[in-house]
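The same chain A turns up in both complexes below, where it pairs with chain B and then with chain C.
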Partner chain A sequence: MDIQIALLLAQDGIVNGAIYALLALALVLVFAVTRVIFIPQGEFLAFGALTLASFQAAKVPGTLWLLIGMGIAISIIELASSSRLRGGRRRLTFALGWNLAYPAVLAAIVLLAKPGDWPLVLQVVLALALVVPLGPMIYRLVYQPLASASVLVLLIVSVAVHLALVGLGLLFFGAEGSRTPAFSEASFSLGDVTITGQTLWVIGASLLLIVGLYLFFERSLWGKALRATAINRVGAQLMGISTTQAGKLCFLLAAAIGAMSGILVAPITTIYYDTGFLVGLKGFVAAIVGGMVSYPLAAAGAILVGLLESFSSFWASAFKEVIVFTLIIPVLLWRSMTTRHVEEEEE
Partner chain B sequence: MNKKLKLLVGSMIMALAGASQADINVGVTLSATGPAASLGIPEKNTFALMPTSIGGQKINYIVLDDASDTTTAVKNARKLLSEDKVDVLVGSTITPNSLAMIDVAAEAETPMISMAASARIVDTANPKVRWVFKTPQNDIQMSTAIVEHMLNNKVQTVAFIGFSDAYGEGWYQEFSKIAEARKLKIVANERYNRADTSVTGQALKVMSAKPDAVLVAGSGTPAALPQKTLKEKGYKGAYYQTHGVANMDFLRVCGKDCEGTFLPAGPVLVAGQLPDGNPIKKVAMDYTTKYEATHGKGTTSTFGAHAWDAGILLQNAIPTALKKAQPGTKEFRAALRDALEGLKNVTVSHGIVNMSAQDHLGFDQRARVMVEVKAGGWKLVQ
Partner chain C sequence: MDAPILAVDELCVAYGKVEALHHVSLTVRAGEIVTVIGPNGAGKTTLLSAIMGVLPRSSGSVAFLGVEQGDVEVERMVALGMTLVPEKRELFGDMSVEDNLLLGAFMRRRLGHRDEQQTMAEVFGIFPRLKERRGQRAGTLSGGERQMLAVGRALMAKPRLLMLDEPSLGLAPLIVREIFHVIGNLRKTGVAILLVEQNARAALRIADVGYVLETGEVAMSGSSEELEGNPRIVESYLGLGGKR
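Moving on to the complex of A and B:
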């Protein structure tokens, strides 16, 4: 192994690590605020990438029907419950607007405007507009009624949601994968190593998202509300922060991060309806390194996973996954020895 | 009201007739979902195109999905045998499922036709294989074709990169055996996962060994990733793929990076380009026309054709078996098995079948051609 190969491997590891980092951050965020171990996180990656690919193949992505279907389901629930609540009417108008009118408008755009001929940027925006609202909708339908359930129940529900979404993904996009064109065809030579424009896009966009998240949590009221909910649910509720709103917001962020990372990675590799799970799982390993609470540690863990993966694929390709997932064992051992175990509060 | 009543009476009569007459039941289990879905879906579509009567007998196809899962395949096979009383089992799509179903078929003394590739499915070392037949070519036939083509093109060193599962492992074993016998040197042996998002490490390892050619042993669109990565990193040698990639989705995903790639495949892939004197051409074109009439142009895959071939075997064997026994009986199943084993010179879309007690596949060299990817399509190598 010479220095050139090492540099190429490191570059590959960092690019993959950047994607894992984004997913790890989303996992930590969702867990901290809602105590949900969000296994379907990877599905947003696949949905984002494949929705974009569907536009480019001049097909109507199945995610549109999912959006409309979930919108209708939520509207029915809201209609049934609105009469019993104070200020129900205003809430209802708001809910119907988001869950019926918004999908209808998107459906009109997708079906009538032929997004296949649009410039890439607009296609990306439309794909995000389609996939991201699925996050809060899943929260409303699945997790909000269970908000006070134990972590274990929430985990089991997550597995169910994951399986349902993977099945829908197969139905929507078929068994074969897709790729999307690169954001930029540029490539730069740095000594012996070529760096493609897309690599820089991935790393740049990931850094931007991470900085954006930092500013959001540190500076904005919404971000502070999320942090408060993460630190103490009951306390936050007493301070007038709606935990339901916090949950929806963090699922919105998680879906946005997931879909964006899918769109970033789709030009580099082929995305299948079930690709998200394995990528999400590696994000999960990274999140575990961060103890599911620390954002910087999770990001560092993600880069570690990425590098470990690329170097082990060079030395022992048959054992690559074994090496990556075995990383979890020493990390868990170390964490269980250094931190005091706190029993979850029974409510 | 009157109309409804008529319909009701009509459907009742039909239901009664269906129950009393001894139809032939064909039980199918295939992998229409799960990792092998891209193989299983065209197979499933193909069963919908098959004739509904053979030798004057009505045929019922009962198609179940085993989700690429071995346990489910066995469960499906048992269900088909005990509840639907099938006369023959067809399936499954992939090797592990088919291997697991052998015991079930042999126990029920029911013939079974597998649509999976491994030679082990019809390996006569296992006495139970008496009941088992299969339609896809053995990997070894395909490997020989690749090695021959490599040697003809002055390739001396080759790197292997395959799936880290039974498919890649099976290919490596077959390929390395023949390569060794023919003095072809394998300089690198790498593995990757179907779901991997990056194979840069393996690609660099392959390139540092400086082989004349690279063989990628993967199936479907995941096989495009190593080739795209190698192209991107500037590997200039020849590229070979296996017949596992023979569908349009692979070409769509791999795009211009796959131009000039060689692969062995069943003749059905290039049916239109076969010489007119080749008997396979007519059968293969017949399937292609029927499939594409329903599913659109360019949708035919070699996997669906394996299912079609299972249908052709049945169409040839059932009339013989009907002379000996009534469908639904143990005798009929035994007669059908004997009839399948006795098939001679049956042209199917993948080749010409000559079954014998030792060979429950029955293919010869006519069952494979070398194909080159040219201008985003398949081109027969003469």
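Moving on to the complex of A and C:
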């Protein structure tokens, strides 16, 4: 291997690593606040990318029907439960607005305004508007009724949600993959190596998202409230921080991160309905490096996973997935020897 | 007379089939310190949790600020002006003292109040130690400082009713005295206080009214002077040399 190939592989590894880092941060966030190991994280990547691809092919993305369907389901649940709760009227109006009116407005835009002719930026915004609300909706439908269940039950439910979403993905987008045009056609040469504009887009946008998340958690009241919930759920509840709202906010962030990473990688890699799972799992390996609690370690782990993957695809491409996933074994050994076991706080 | 801040009527709470509270009634009026004393396992913490909405009630009613509170959620009680300092403090150990205090004002901020810096200055006035430690992680504080932070964090919500669960637990006598001194002074700010304590002597000294809770029932109640003079209380809870 000469230096030029090494640089190419490193560039590849860092680009993929940046995406894994985003997914790993989302996984750590969701787990810390809600104790849910969010296996379907990768599906948001696929949904984001494929929804955008549908717009470009002038097709109506199936995620629109999913959004409408889940909105109707949630509305029925809210209607049934609102009679039992105090102050239900305002809450109900709010819930119906988000779950019925919002999908209806989006449906009108998608079906009537022909987003296929729009500029890329607007298509991206519309794809995010369609896919991101699915996160809090899934929380409301699936996880909120299970808020006091054990981590294992939540994990099993996550597997079920993942399988359901992959199935829906096949139904919505079909078995063939899609690619979207690059955000910029520019490319730069650094010595012998060419760096494409999209590479810089992925790395830059990922860094920006990470900095944004950092500022959100350090500076904003809701960011601090999410951290507080992760540290001490009882204490946070006594401050009036609702576990449900914290959960919905987490799922909103996770869905946003997932959909954005999908839109970022779609010009580089062909995305299939089931691509998300493998990418999400690599994010999960990175999150494990951070012990599911540390954001910086998870991000570093993600870069490590990305580099390991690209270099092993050069030397032993048949084994590249095996090598990446085997990383989990030494990491777990190292973690089990260096960290004390933390008991689950539940009674 | 004004409606009481808190009126608990015939409250029952059960854990599964085991009833932990039987028909407990008590009243807290504005500017009053009411203490609930009693041995371990009498149901004192259960009582506070049920009032706060952390635990479901099996029967009986809780009226806060003159309004009966049915099937409540904790967030709603916080929004109405009720705050609980739990026995285990439940601080945010990885966050700074200042952030802990700020989150105490979380609900006020959501309700549109923007006075948390001023409230924080007031809390620093009450607990100057917290001001010195403002940038430090809550997890690194000493036991007494943690309790101060727990009380300070609760005060950040500007509560109408402050409920304290065993504030003396695990603290050195000197610190206990300091904390109780502060609690006694809080009366001047107009907040009503419901204080649950095993340290009956310290609690009765600052309280106006006391209730004795034994195996989930109110065994006795009265003004704190009456209780301090009651021979049974002296024998069971104050020990010899009850008057000091």
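The rule we apply is simple: the second predicted complex is superposed on the first by the 345 of 347 C-alpha atoms of A that agree within 3 Å, B and C clash if a C-alpha of one lies under 4 Å from a C-alpha of the other, contacts with A are read in each partner's own complex, and residues count from 1 in each chain.
Convention: a contact is a pair of C-beta atoms (placed from the backbone, for glycine too) under 8 Å apart; a residue touches a chain by one contact, two chains touch by 3 or more.
None of these values were measured; they are calculated from a predicted model.
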| item | value |
| --- | --- |
| Joint occupancy of chain A by chain B and chain C, clash or fit | fit |
| Chain B versus chain C as contact partner of A:9, first or second or both or neither | first |
| Chain B versus chain C as contact partner of A:240, first or second or both or neither | second |
| First (chain B), second (chain C), both or neither touched by A:311 | first |
| Which superposed partner A:225 touches (first chain B, second chain C, both, neither) | second |
| Of chain C and chain B, partner touching more chain A residues | B |
| Overlay on chain A, chain C to chain B nearest C-alpha distance, Å | 38 |
| On chain A, positions contacted by chain B and by chain C | none |
| Touch list for chain A against partner chain B, complex | 5, 8-9, 12, 15-16, 19, 167, 170, 174-179, 196, 265, 268-270, 272, 274-275, 277-279, 309-315, 317-318, 320-321 |
| For the chain A and chain C complex, residues of the former touching the latter | 84-87, 221, 224-225, 227-228, 231-232, 234-242 |
| Residues of chain B defined as touching chain A within the complex | 33, 35, 37-38, 41, 164, 190-193, 195-202, 204-205, 208, 220-222, 224-225, 232-233, 247, 249-250, 252-253, 255 |
| Chain C residues within the chain A interface of the complex | 52, 54, 70-76, 78-79, 83-84, 86, 88-95, 99, 102-104, 106-107, 109-110, 153, 157 |
